[in-house]
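Read the structure below first, then the notes.
We call the chains A, B, C, D, E and F, going by the order they appear; numbering starts again at 1 in every chain.
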């Protein structure tokens, strides 16, 4: 049914809940997540630009807006599955790609197919926009975990989600963004009063991450 | 943490929602689904027994109670993904199996491991209990789709879920159960007043299913 | 409408919420509860069998699967009401029985009535299967209360639900199961970090329960 | 804990859902229901006053505000149970009364006990205020059923709830109110477009209700 | 459509959620809030009467039942907006009034218009009933905030909502009610175990409020 | 608290529900809405570019991503209020602006303030990007109303929301987009089977909108 079908499929992402099966005080859907990722990218793109990088803003925003569209086809497969084996991860990526292809061929009018193929392809590449997407996506995971810890969710999953996201954020090759996050944002994060000891969890990661001389 | 960990993981299945991403008037979780499957199996096991089959009831109930436990690890992967390619389907089954194995080795005390391996293995085999599980599982899909159609959900997904489940039910090698379902239950189903024309949808499948001479 | 009506009534139990009127971080429905009770019974039936008892597994599973079906008719009457007076408790049991009878006579085809009467009758009798049902049912109450305490629910109702369930579990005449629960599971339970002091609440009950010489 | 305990118990009624176990497009809690009953009573009290009756407004409002407070103790017992036998209905009323008494003696400071006993007693007596309470309470049932039918809920329970409420409304001994309801409000109700044929359901009841000459 | 339209609009208030946009463990709708306000007013009206005041009960109950009906038109505008500027506050009050007027002229039959105008006008005037409404309305805010703090919600908004409500309660010109609240109810409130230090938050306000000699 | 505070405030928009107080089969939050608006803008920006316009994509995406951020301060004020009088609408816009200003001055570090002022200002200006924002925003209203009508919601509000959104879409000065919407998308929309007669509602608007010669 063409673009009408594409537009109505956007609504499906409002019903895909992140981290299915875990107890959480607040649920997040993939549509809202994508929006927050765009917001983070807007800010850190600005940081990078202020520090001399050249940002292709069109590409950056399209990456963030589209990066999880394929969950329309596969849902939010639990992360442990995705990473159970390199073969499985690759196979799932492959299926995602194939289903996207099929969708574009079947639903998108020919004159728009090229543009859709271009926009819907995996965005986390080595370009600065790809790295900003990776950074913004992990930051949302970080904030989702932080919010649960703050409300008193002591389930191990969220503790380790918080620490894993933090670890990954610190090593993404975007020095200015990492710096701002680490020195300014993280400093504010650990001043919040939380039932779980966020400061300790954070310091544990920072200490590990410190390069030995 | 042993059996305590296993017991708390049961609660996770109350948060895995079936058919994620689809609009539905009523949601169903995997724990409640497993219970309904046990109920259907109890009834159709009785039908088969009345018609001369010998039922291993212990096996039948354990199959139904445990058949979706592995969704604790992988969530409810959308059916189209599971069937996107035979290789993927097989690979996902394989991952499920491996994660179950790992869980049993790590969490279940040694003296219970054998019994857990036996109970948690894929239940849909060629035995009469395996076929009753398959029948009961499809019947719940049938009833979930029916309930949505009855409330006025006209999304194509539920129409085709209803017809697909019906098609599969009719060819499961359990003649007495299929017969009872077709002649008695289905007869009642199509008398219900529904905004979507259930009778037509049902007859379409029955006609197709009719073996040509 | 016969068995179709019975099958659709199963869905009603997905909408009966346990402990109505109490604030809880997570709700549980009677269908999912019944499934968890079957799981606990499977485990403790195994424990008893390993310790030399003979288990009628068909009976055990049917007891657990069916034990709350009558809530279709009466809902989850608040426990204080059920126990307000022995007469009321008995009268409510009686009504439950009568409504079940009426349902079976009106809805279940004659050839299945006997089997339904047999399966739907009160299951908590003195047989080992009846005691395992009682044990499994109380264990789910124990775990529901535990989960609330773990999330930080400090309402008196859940503290006393936790302690009451524990007290009853410890005196059910199933020495091997009680032993395993007390020495192995409970030991794990109290190692979990919780805002409410679970260890103290647990020890309070254990101390009281200790038989004086 | 006195009045503080009483005030926090009001919050419990926000969690008691009416018609537990039925599928509904919209749920209603007992607190909100009590408020709507007060609103209807305000209107029909005015109608009666305009037609020459003397209304004790203080009594009327206190009856409507308090009429379901006892559900704090017993929840919303399903109507079929309440009416399963006259003895049971009476016994449940009796338990309700006893639990209310106990609550007042235990929680309410002595200087307020008399006033609480007076306000919390069963309000549906033969006074005009008692009849207005009965009328307003049934009217809310009528509107709850109507809203479900209007959204397309075709479950038999709501059809019969609509017709039963209507039948009872028409015979409550409040001629001016019944008249206004029947001639003015009902006339508007049946002009609404609904998937279920409200006009037919309504006329069925009106015809039956018509006194034969 | 007249009174039928008015009656169905009551249902809208069950969907207006208080404090939109804030994280909360439990939501409250405006209909249930109005009922709780009536309950508080009933109690404090009694206190005032016991202390020699004359209460116009009809007026008191009508004020509490109707005080938020205008939210049908405007929703629960966030408090900071309402108080952003005196002009805005006044303008919003004015709009509310105008929309209410329009509603009454368009929907309410002429013979009831006067009575509706009278009942729906702003109730928080200088009469004792107006002050009791103000007191009861603030008390519900106080209890909503208290319940969140008790469940462990440490968001600044609820801390300050608790303290602001408390501050305002203490200065409403109803000495007997304020006294009872301060000496009896508040004494019970601060004995509850809460993750947030309620006693400290409360004392902070009480100290500030204490008139200097 | 700077940018950390800004980032956590994004989460608030996941709790602001659109069209508060109306019955709807599916709710939408402002965060997810903003994402869908970005998606529509991406498509229609492409249409306009293909038809010879020059699009400032950075501006377009920032407009769509930020256009409802101010609802953090004021919530989703019901549309009838916003349009009750031109003065009120202007005053509310003014308050929104002032609160945004205050937020930026208080929370955003000085080096980013200019960039935030620029991005957060009202985006619906006369530029092609401003018109695309207007188009995309109305389109989401159109699709929200359409989805409700499709599920059988016959409340007048959604019928008129559908028609109002359609009317406005047809006259936004973006001939290529309007054309594509009208001739291609709308053609698909009216082929969907819906309980409410979408075709008639649509044609009514199209006929009215047709310019007389």
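In this text, a contact is a pair of C-beta atoms (placed from the backbone, for glycine too) under 8 Å apart; a residue touches a chain by one contact, two chains touch by 3 or more.
These numbers were taken from a predicted model, which means no experiment stands behind them.
Under the touch definition stated at the top, chain D and chain E share these contacting partners: C, F. Fewest steps needed to get from chain B to chain D, stepping only to touching chains, is 1. With contact taken as defined at the outset, chain B and chain C are each touched by A, D. Chain A and chain E touch with mostly distinct residues; of the residue numbers seen at this interface, under half occur in both copies.
When chain E is laid over chain F using CA atoms, the rotation angle comes to 180 degrees (nearest 5). Put simply, the C-alpha centre of chain C and that of chain E have 42 angstrom between them.
The centroid of the Cα atoms in chain C and the matching centroid in chain F are 51 Å apart. Between the Cα centres of chain A and chain F there is a gap of 25 Å.
Along chain B, residues 11, 13, 23, 25-26, 152, 195 each make contact with two or more other chains. Working note: touching chain pairs come out as A-B, A-C, A-E, A-F, B-C, B-D, B-F, C-D, C-E, D-E, D-F, E-F.
The touching residues of chain F, counted against chain D in their complex, run 23, 25, 152-154, 195. Interface residues of chain A, counted against chain F in their complex, comprise 1-8, 10-11, 13-14, 26, 28-29, 31-32, 34-36, 38-40, 42-43, 46, 50, 57-58, 61-62, 65, 109, 111-112, 115, 119, 139, 143, 147, 180, 184-185, 188-189, 191. Across the complex, chain F is touched by residues 25-26, 147, 150-152, 193-195 of chain D. Contacts from chain F toward chain E in the complex involve residues 11-13, 15-17, 20-23, 71-78, 80-81, 84-85, 87-88, 91-92, 95, 98-99.
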